[in-house]
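Labels for the chains are A, B, C and D, by order of writing; each one numbers its residues from 1.
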């Protein structure tokens, strides 16, 4: 039974994601029936560190949110330190449950505990329904429920799972300011052979580029020239000098797709450093599948034999 | 005397930046002697909103930090809503002052108030010098000093300016985990003719791209083909669907540089939307100045007259 | 009445082309009624040289044939020496008239005079209809008729115009091995303001490129990035060293199209040498008209005024 | 002993080239000692056709001249009909021997037989030394000597080899208007495994491109993105419609170079048709050797095994 580190305490969206991954049989080498040992950590950074120290086999962490964008501590943890790899992903609709102490009415709520990311996503709702309440920062969505349960706040912006675990009253459910709010979670582990190519896969790399104009364009062209869809590009500072960056690129396809393999080799040759973050199934295709090169490879083989 | 909204309360790095901008005569249309009316706001988002409502003439806001990367609320505020423009920038070395209540010794500190961004930048220092203290979130670096002054925390990760204003004792000064920690601040105002070209300028745009593979490469190629240095690229979610982005691009040069003007026109033609965030002086060149096209324009004019 | 040098003697396709250009009012500054003074020369090279010496106002010369490709002496004459410019073009269907002496029957023909280019284009026909006749080189299609008229050959591969002028019998008319055989002729003169933009124009340049890999790709990209159709690319040796070339590029559009003007300026900046061969009307568009940049220019002007 | 078709009669530059190739052991599968059976043909087209019919094992033909450019009949013969392949190349300095009948003096020469290509290359010399002589077309450089030997011309622009075979007097030797006049000859045969990679190789293809703007730029980018030097690009009409072309591209490298193999596969996928004209040694490198991908391939293999 693999152990999975996650942003705790119990009841976070991350725990919900990892339970769902496990139930869907998305854990490497394991079936849904085996189950997993879920290990709560204080932060995504700590959860990822637990994989590096061996305290956990994998970590389940959020990587991107449709409203807030990339989850930067996750990106930064993946980019530095010993190599890690992504093996699975799961996207959850995000909506919040507003929990209250002792069944308090909205009018009686003076403080609302909220993880800052969550506070940002229900700001409008709070403005309308709890206009006078003061927002108190919580360490996670589940911790907001703890804060309510332990009397540190009247209400909390939390999750259905946490509400249920604490047996807290629910002031409102399925709350989110913007429709389409979704978070993508990934399962991170030590380097290993990537999951098998499924035809609906994602590959991710981190590039450190020589600081020459056009280096990023050239790197991206290695994908576009091969008709590989880039689905994400994110820059992060190198933490050395203002104005120097590393780049996270996601593309459609698998390291076992010939076109993706060619592009990776080209990047390896061209970039100061390429960190491979894995190839893994996405369930549904995020874009056009990279072109198969089998026919072209056969043609080439025939040329080499003098039999065009 | 122009009014400048900023992330308050008094004593933040942002206030320090705006005082320095004013002293250096970087305010549009104003000399250093005139001075400015500094208006503190609760957040950078609120400071920028004040420009849109007319409550302030300009806002001074952080846009990028060498350790944390882009200041996302600033980017998101600039990208949506009525058009705004950047008129000046200033980069500050960032280092923190650790303030304490009543001259407490390190061994007696049990709680440390810290703006989360700041907490991340002194994490190592805290681990070594205040290993048992619990970090309590503050709303800004200056607010951390407020928290100490008002007894809500034993110590605070704050600024020299705030320590001085509150008359707080200093446990340690010039603290930062990583050397080269710097923050870039910009002055934002309503659209107006950009400051004059100085030869060391920056131009910034936000692109919304048709969701076709290669659209970003094409857009970036509009710069590279014209030998214009891109100094920054940042993606942000469009907030509509996971996997759709807008892009912030900074380049060296001014809208009055012929090459930059050509590139902007090409982007306008090619992109779903281009939001111009301004051309402004950077003091020192951030890269190679865009090539002058005067000679080529003269050559073209002679061809048109039949006098090659 | 302008004087026009052409590949003579009377009766060549070139003469037919220039008569048709004149009748169609395509002569610069002149109407079809004025007429032209047609001056026959021994070769296209000599006809072009006559413009440079002032012996003729213009030269009408073939530049491209759908079967044989570019007319290399024309290209080489345009690329070197004092600058010349193209002002008009006309495309003719090419088909040959087989003339015979004294009404000879096919069976009696032992020698056939033919300009080598023409011989190549009726090779199949000769193989079938005059299988035993020996081909004797002639200096032009019209000269082949001279050879027949003066008894130097039994038959000749010539033109309808030449047959008529010499009063020679016709063995066969409208002969050509391949359908769609067409020749494009151009009118060449000293540099002058190009004819007005019509919306269906062609622009032509000769590039000498620094001998770096990728220089040609870069030059061509200056067109493609601006959505300008390249309609022809032809390489010619520089005549200095084996493996060094100059390049003839034709594109759709006029030097007064903003996009074409931008591309020309970029080439001027990038290439060792750019020789402008003119912008002139083609009658029908050879490809997509270059994009108009008026709207983008207006947008840019508004940005510069601070009125987005 | 392989049979080699060539442009005859005996004494042409082509024969000299093939003798030299044979002596240098450049014949596929044969040593220099074996010798070859040289079969003269009337034209390069006929020599190439002899390979297709099986009348000869190989053909030795000129493909490019530093003054005249590509030898178009050679290109057109390679591009159409059953596939052929190039196995070797040799470059000769070109200079002409002026032969005369009966030791005639220059002043007595009224006719000069010359292959048109040769006439073009000694035009200046003829203008100075035989200003009044009329040029009579010959079928080859060797045939010009025949014409003199058989009394059809007073003088001939021919080769040293032909002068010697006919025992003709030499009016002048080593004549050529332009220094650096060189011709490159290739050995053409039916498809077979290419000669082994030597590290100084050339690869040649003919592309038929979908008639979309930018298709040629895209095709060329497949080479440039992989740091493969293109050494030649030549366009030829498709012979169907004016303005449609096929393209001959030569690059540095061998089909067994990983980078070249990748580029060929990409072209095969992208183009309407790619005809491989072979990979063969050039003796000296014509440009930078394509980058080796061994290191990158090893890196990729390790990623696939989960051992970065």
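Quick notes on this one:
Definition applied: contacts are C-beta pairs under 8 Å (C-beta built on N, C-alpha and C of every residue); 3 or more make two chains touch, one makes a residue touch a chain.
On a predicted model such as this, the values are computed, not experimentally measured, just so you know.
Interface of chain A with chain B: the two copies contact each other largely through the same residue positions, with over half of all numbers used appearing on both sides.
Using the mean of the Cα atoms as each chain's centre, the chain most removed from chain C is A. Remark: chain B and chain D have CA centroids separated by 62 Å (rounded to whole angstrom).
The distance from the centre of chain A to the centre of chain B, each centre being the mean of the chain's C-alpha atoms, comes to 27 Å.
Across the assembly, chain D contributes residues 221 that each touch 2 or more other chains. Checking each pair of chains for touch leaves A-B, A-D, B-C, C-D. Residues of chain A that touch chain B in their complex: 64-69, 72, 91, 116, 137, 178, 180, 182, 184, 213-214, 216-217, 220-221, 224, 227-237, 239-243, 245, 286-288. Contact residues on chain B toward chain C in their complex (touch as defined above): 83, 85, 191-194, 218, 221-222, 225-226, 255-256, 261-262, 264-266, 268-269, 276, 291, 293, 295-297, 299-300, 303-308.
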